[in-house]
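Please find the structures below.
Shared chain: chain A. Partners: chain B in the first complex, chain C in the second.
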Partner chain A sequence: MMMRLLRVDFLKIKRKGLWLLTVLGPFGVVALQMVNYGVRKDYLLQQSENDWLYYIEYISNFTHLAIVLGIVILTSFIASIENETNAWKQLIALPVSKLSVYLSKFTVITILLFISSVLLLLFSYSYGLYLDLGEEIPYITLLKYSFFPFLAALPVLALQLWIATVSHNQAIPVTVGVIGVILAYSAFTLPDWMIWKWPSLINGWDKPYINALLGLSVGILLYVIGMFDFKRRDVK
Partner chain B sequence: MLPIMSSEWYKLSKSRILWILLVGPMVGLFIGLTANFDNLGGGPNEWYVKLLSMNLTYALLFLPLITGVLASVVCRYEHQEGGWKQLLAMPLTRGKVFISKYILLIALVMVMQLLYLGSIYLVGVIDGIPEPFPLNIVWKSIFGGWVATLPLVALQLWMSILFKSFAAPFAVNVIFTLPTILVVNSERFGPYYPWAQPFSMMYIGGNTEDIFFVPWDQLLIVVGGSFLLFFAGGYLYFQRKAV
Partner chain C sequence: MEYIVETKNLTKRFGKEQAVSGLEMKIPKGEIYGFLGPNGAGKTTTIRMLLGLMRPTSGSVHIFQKDLRKERIRILNKVGSLVENPSYYPHLTAGENLEALRKIIGVPKTRIKEVLKIVRLEDVANKKVKGFSMGMKQRLGIAASLLNNPELLILDEPTNGLDPSGIIEIRQLIQRLPHDYGMTVIISSHLLSEIDQMATTVGVVSKGKMIFQDSIEEMRKFAKQKVVLKVSDSESAWRALLARGMRADWDEKNITLLNQSDENVATAVKYLVKDGFSIYRVEEEKKSLEDVFLQMTKEERLV
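Right after this comes the complex of A and B.
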């Protein structure tokens, strides 16, 4: 049943621009650095001893904002596909459980975000190579800064999907998302327990994997809460 | 014109979504009370230091993004259940509908700017800043920020009429707004990027000899030019839109 629901959901997002956004997100993040390095490469290379790490840091300045905003857009999109034509009723009337409907939506967005992260890795690696930032390529750091933000953002994904699917008016999830991105932008000053801080991979212990692990566990928790609340509610 | 405006206002006030305007001052309070001010050189006056850091986050990301949400809000009831058909079946011109929506929208942004002004004052009171409130500088920033969003609001209204969903116009908004973080660092490109103008016009460190914090020619060419482009684009699109 799950596979069929997933296939249906992937069919529904066809030609709606979601795939385009999945590619555009990581491309945009790296493209900003293309402009940045294109305009003032010499200056930027003088700034540090380790050019690769400096470059990765610049990219990660935008990754967490792009990922939070991307989540807001994708979750709201996937909810409005059903909202716009009042299709929730018809979908729930099928012989499928509400829990698996919710799980399927969540899985679709998780897959899209995962693909985004893979693309981010590819784009930042290849532009880094093109810039010729030095012989020693920090593969582990590249991997960390491509996939940890995705894991650390899972709680935001669970929260936004929850709000988007239960709100009739999509202004609510999008506004919550705008507040979220302001919080993500202020990550430096936020306390460590705020979920919007996590995708930036900043924490008091200076260990990015803590954010990824926290993201994974709290993400699952928030997902379960959202799923049961979705099940409990009336379909309008 | 006036009846259309009042009907627009009626639809909006009944949708119980105006609390979105309160998010502006809430964000202002949050930044003002949490941000770390030590690394910003703002001179001896504590108000300046506060204003610099509050306006940074507010004008760079929040203002462009939330005005886009507001634009989608004023088009929401028409996108549902054939609302455009019903509205445009009435004896009124499409041009007037577009202008009414636009005026309502910029009035909402003005209200939010004033609420944000209140939050700046409140932050100062909570922190017990001894100097008098520098209203002669703050009003420029508040009003300038509003002027700088006029073209962005026009584009978002266009996008909101074009797309049925909230997410699509928001995505367009995000694509143009995120690069601003990088663009404002550049003296060469910053002045020409419309999405960077709210920041430039609210940045109190700018040239204080001008009425706003940017030169007049930049205001007229970049803000005025993009306004004409986006407003005309939305206006003409709406004339042709199949409902």
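Right after this comes the complex of A and C.
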């Protein structure tokens, strides 16, 4: 049943611009560095001891913003597909469990975000090579900064999907989303416990993997809460 | 008697408001069950509970003799539905819309063509639903409800927003279903005339309560219409009818026949012509749903 639902959900996002966004997100993040390095490459290389790490840090300055913004847009799009003509009632009157309907929506966005992360890795690696930042390529760091933000952002994903699917008024998830983006923008000044800070991979211990682990566990927790709340409620 | 749908004490409260109270719905197999009630009576809420879209505050639903709470998915396998306004994905074509449901239901792909043909939308299968008229969307919704060859079809006000020819078409389609496919059909409406033309069994709800549930023939006794005569010199004409032993009312303008059988109306007309009155109109005065309700509650036909 899960595979069927997933295939259906991928059919439904056709022509909705979700795929475009999936590509545009990571491209935008790297494109900003194309501008940055395009304008002042010599100066930037002069500034840094390790050109690759310096470059990756610049990229990661924007990754978390793009990912939080992307999540807000993707979740609200995928919920709007069912909300628009209140297709929830048609979908859930089919012989499917509400839990799998919810899991399928979550999985679709997770897959899109994962693809975004892979693209981020490819784009930043390729442009790094093009910039000729040195022989010693820090593959592990590249991987970390491509996939940890995705894992660390899972709580935001679970929260936004929950709100977007159960709200009767779509202004609510959008408002929460906008606040989230602003919080993510000011990640540096936020306390460590705030989920919107996590995708930035910044924490008091200076260990990015902590954010990824926290994100994964709290993300699963929020997902489960959202899923059971969705099941408990009457269909819109 | 074995019922396809049987609810016991079905109740739904929204806050303080009791939208459905103590509903005992009983639908035998092969019937077209007209679920009649004015707007806000609780029809949609009841239907949502039949489909497991809403949890009853209390009471139970049994469909195909199975408890909906325990065997929801098994039951829904054989139920088709259209609740309130049709749902669709506007950015997808009619075919893709049905495909999105078919994949979940798991019937063969050819079924899409079949149901599109039943509702006569096969020519627009590849057009986006965004540009469809209200009637086409409604028909697509009905096509969707037929995808899984349901044994029970639940249609909530399916002729809403249709033009007269669309209404006739849907009516003819619905009337075929029990005979052609062995389906049991629930169709809700706030229009007495619509239920009168389609249903074989009727349940009438008012303010969340079932105030009548019986065969259509039984209901027609309540919905009897009046025959009104407009004639020249109506007072004398009325007295003339009374003098000939006919039962009639007079309201300063028109004569109303109390026995509206065909023979009785014909006799009255014959007498009036014989007595030299001019007959301008012989009309049937439709009874409104409210009139019928009033009568049902007055006669305390509480079920």
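Here is the rule we use: the second predicted complex is superposed on the first by the 236 of 236 C-alpha atoms of A that agree within 3 Å, B and C clash if a C-alpha of one lies under 4 Å from a C-alpha of the other, contacts with A are read in each partner's own complex, and residues count from 1 in each chain.
In this section, a contact is a pair of C-beta atoms (placed from the backbone, for glycine too) under 8 Å apart; a residue touches a chain by one contact, two chains touch by 3 or more.
No experiment lies behind these values; they were computed from the predicted model shown.
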| item | value |
| --- | --- |
| Partners on chain A (chain B, chain C) - clash or fit | fit |
| Partner chain in contact with A:L21 - chain B first, chain C second, else both or neither | first |
| Touched partner set for A:V118, first chain B, second chain C, both or neither | neither |
| Geometry of the superposed three-chain model: angle at chain A (Cα centres of chain B and chain C, steps of 10 degrees) | 80 |
| First, second, both or neither for A:M194, with chain B first and chain C second | neither |
| Larger contact residue set on chain A - chain B or chain C | B |
| First, second, both or neither for A:V235, with chain B first and chain C second | second |
| Partner chain(s) touched by A:E84 [first = chain B, second = chain C, both, neither] | both |
| First (chain B), second (chain C), both or neither touched by A:S97 | second |
| Contacts of A:M34 with chain B and chain C, given as first, second, both or neither | neither |
| Contacts of A:I182 with chain B and chain C, given as first, second, both or neither | first |
| Chain C versus chain B - closest C-alpha approach in the superposed model, Å | 10 |
| Shared contact residues on chain A - chain B and chain C | 84 |
| Interface residues, chain A side, partner chain B - complex | 17, 21, 24, 28, 32, 35-36, 39, 61-62, 65-66, 69, 72-74, 76-77, 80, 84, 169-171, 174-175, 178-179, 181-182, 185-186, 188-190 |
| Complex contact set, residues of chain A against chain C | 1, 4-5, 7-8, 11-12, 14-16, 81, 84-97, 234-235 |
| Touch list for chain C against partner chain A, complex | 48, 51-55, 73-74, 76-77, 79, 81, 83-92, 96, 99-101, 103-106, 141, 144 |
| Chain B residues touching chain A - in the complex, by the definition given at the top | 15, 17, 20, 23, 26-27, 30-31, 34-36, 57, 60-62, 65-66, 69, 72-73, 76, 79, 164-168, 170-171, 174-175, 178-179, 181-182, 186, 188 |
